[in-house]
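Every chain is named by a letter (A, B, C and D) in the order it is written, and numbering of its residues begins at 1.
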Amino acid sequence: MDLTVTDLSIARGGIPVLGHVSLTLRSGCALVLRGPNGIGKTTLLRTIAGLQPPLSGTIGLPSEDVAYAGHADGIKSTLSVTENLRFWARIFGTGDIAPALAAMDLAALAERPAHSLSAGQKRRLGLARLLVTGRRFWLLDEPTVSLDAASVALFARAVRTHLSNGGATLMATHIDLGIAEAEVLDLTPFRAAPSAAAPGGFDEAFA
Amino acid sequence: MVELGKYAGTVLAAYGITILLVLGLVAISLRRGARVKRALEAQERRMAKNG
Amino acid sequence: MTALLLRDLTLALRAGGGFGLSLAFFLIVTVLVPFGVGPEGGVLGRIAPGILWVGALLACLLSLDRIFALDYEDGTLDLMATAPIPLETVTATKALAHWLTTGLPLTLAAPALGVLLNLPTAGFSWLTLSLAVGTPALSMIGAFGAALTVGLKRGGLLLSLLVLPLYIPTLIFGADCVRRGVEGLPTTTPLLMLLGITLGSVAILPFAAAAAIRVNLR
Amino acid sequence: MSIWEYANPKKFMQTSAWALPWVTGLAVLTLITGLVWGFFFTPDDFRMGSTVKIIYIHVPAAIMATGTWFMMLAASLIWLIRRHHVSVLAAKAAAPVGTTMTLIGLFTGAIWGQPMWGTWWAWDPRLTAFLILFLFYLGYMALWEAIEDPDTAADLTSVLCLVGSVFAIISRYAVLFWNQGLHQGSSLSMDAEEHVSDVYAWPLWVAIVGFGLLFVSLVLIRTRTEIRSRRLRALEARERMA
């Protein structure tokens, strides 16, 4: 099963930002979204994750097979790293968190409360959460923010492992992760054209 | 003129408050209506000229 | 669901805030009343049912905005919305967690405060019973209000304005149940109404709250 | 032709522009007729004296106060089910009108109560119910004001209106129950309108129709304003983007 997006148009705050986007994400593939700030990368990812409805178009994806990671990691600062991760593992009904801790090099920090982690360490915890979801399609919004070079390499390795296990990732990022098989999709051509000025009529105010 | 008797104050107060409230609502509605209409027309003119 | 409930309870215990704060607030409100109305036992005993119910209601209100706001800010709600648990279950569970950390302690503490207000002996069992039956409705209604205002920067005051009118029936039946208990009148009707409101809220409001959260997330 | 065509904003603007002068004219005419008839040409009641004249505003205002909420409930439902923007904007436009009507009902009730019951305010079930209704209106309008995005606001206020309606009805019965517990018997009842004689009934009916038309006229005006303001917002957003 692939993730297919057909002729998708999306809006941010009621204003159309992207129009007629089509893409296919096959198992074992990585697709990187590029485009200037404000083009709608986050909105596109949120729409595919099902957090907001599209203006038009269809999203075909295997139900309950998507994991989304946005700007915020959903980490509770009073809980320890293990507790944070184990919570998500239980929510997603998967068991073991040890591999995720190991993959993101968090084992040494396992019992530290999350508020004592640095920004990069928190980010790594957020990415470790993806590993415990057990889901195939990862939707990642700027996953490498506040990660140092070593951590980026760590993350790239996790993504590659995920791809080789039949997973797939769709991510918005500016950093070259060194994943050879990654395709790049530039969103600039899909920018929604501002329709002609004031073509009368009140309908379009509600489009 | 109608004879209101000892309750004149009461009746007149009730009518007075009602008229005040209704007129206030009408005035607010019309004022905001006119303001939004003017703003919209100005915006449409500007965009027709520039666009 | 158990995982979510346990996490919420752990968070409430670790942060300390909501849990103890509501109880302390309840205590202070109850202590302030005699200073306002005078120390005469008869007067206090007569208004005690109402004061205790209003106090419990306000104490409950105090911690409502924490139900979803923290999870919204740190992105947990986004992730929860894409998790396999339906949002309806999430809202119901979080309301339950709120009740366990607020409504239940208030219910247990109320008799002690009843002593301070000279509540007649006959009223104690009814006070505990009516609070036990009624406070779940307060938590559920409050969760709905919190879901409506979760995306707002300063939603706290608005939340009170939205939720308090919805609390009126619960307050009326709850306080009336205690009053009737004190006067030795039959309490079946208000108690059943209270139970009805609680069951109805728990049955319907998780859906309304989940719908509101979906709207707020997009 | 389907009634849903009027839910199209453009169609609504055209139709309402045509209808507005008629509705408004008729509203003014019936209101003046009803109130002048009632105020100048009806006899005083033997028990209530000239205060009986207050029913020509109190009763229509009370009817409109509850009627407006039901209209908002219907409009909110239409929005949630069929996603017609005009519908939810009409609900938004109606809320201040309903609030004003509720206030009129409360004020005239209190003014009436002073000589009749010897007090400005009594926790009479009906008065209390209107006070609660007033709080619901305030909450509804406050939620509209607080939310930036218009569609989000429309959805959330509609859900609130739905849930609020259920709780408003429960409150109505709760208040009846609560007050009986205090007063036994209802010497303070405001049931006068339920046995008014014909002398009062006719101008009262005219006044009710007048208030109804006034409501329609105000809601039309305000809905037109809301639609214009939405269009203005959309144009400004487009200008920023271009």
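Following the convention adopted for this analysis, a contact is a pair of C-beta atoms (placed from the backbone, for glycine too) under 8 Å apart; a residue touches a chain by one contact, two chains touch by 3 or more.
To keep track of the chains, here are their UniProt names: A = Heme ABC exporter ATP-binding protein CcmA; C = Heme exporter protein B; D = Heme exporter protein C.
Everything numeric in this text was worked out from a predicted model, so none of it was measured.
J.: Identify the chain pair with more contacting C-beta pairs: A-D or B-D.
T.: Of A-D and B-D, more C-beta pairs in contact link B-D.
J.: If you average the Cα atoms of each chain, whose average lands nearest the overall Cα average?
T.: C
J.: For chain C (Heme exporter protein B), which other chain has the most distant CA centre?
T.: Chain B.
J.: On a C-alpha centroid basis, what's the spacing between chain A and chain D (Heme exporter protein C), in Å?
T.: Roughly 48 Å, centre to centre.
J.: So, what's the distance in Å between the C-alpha centres of chain B and chain A?
T.: 52
J.: Nearest whole angstrom, what separates the Cα centre of chain B from the Cα centre of chain C (Heme exporter protein B)?
T.: 41
J.: Using mean CA coordinates as chain centres, what's the chain B-chain D (Heme exporter protein C) distance in Å?
T.: Spacing between the chain centres: roughly 16 Å.
J.: Could you pull out the residues of chain B that touch at least 2 other chains?
T.: 43-44, 47, 51
J.: In chain D (Heme exporter protein C), what residues contact two or more other chains?
T.: 231, 235, 238-239, 242
J.: On chain A, where are the residues touching two or more other chains?
T.: Answer for chain A, listing residues that touch two or more other chains: 197-198.
J.: Considering the complex alone, what residue numbers of chain C (Heme exporter protein B) touch chain A?
T.: 2-4, 7, 10-11, 14-15, 71, 73-76, 78-85, 217-218
J.: What residues on chain D (Heme exporter protein C) touch chain A, complex-wise?
T.: 8-10, 12-13, 85, 149-151, 227, 230-231, 233-235, 237-239, 241-242
J.: If we count contacts the way the header does, which residues on chain A are in touch with chain D (Heme exporter protein C) in the complex?
T.: Where chain A meets chain D (Heme exporter protein C), its residues are 13-15, 194-195, 197-198, 201-207.
J.: Considering the complex alone, what residue numbers of chain D (Heme exporter protein C) touch chain B?
T.: Against chain B, chain D (Heme exporter protein C) makes touches at 35, 39-40, 44, 49-51, 53-54, 57-58, 61, 96-97, 100, 103-104, 107-108, 111-112, 114-115, 214, 218, 221-222, 224-225, 228-229, 231-232, 235-236, 238-239, 242.
J.: Quick one: in the complex, what on chain B touches chain D (Heme exporter protein C)?
T.: Interface residues on chain B, with respect to chain D (Heme exporter protein C): 2-8, 10-11, 13-15, 17-18, 21-22, 24-26, 28-30, 32-33, 36-37, 39-40, 43-44, 46-47, 51.
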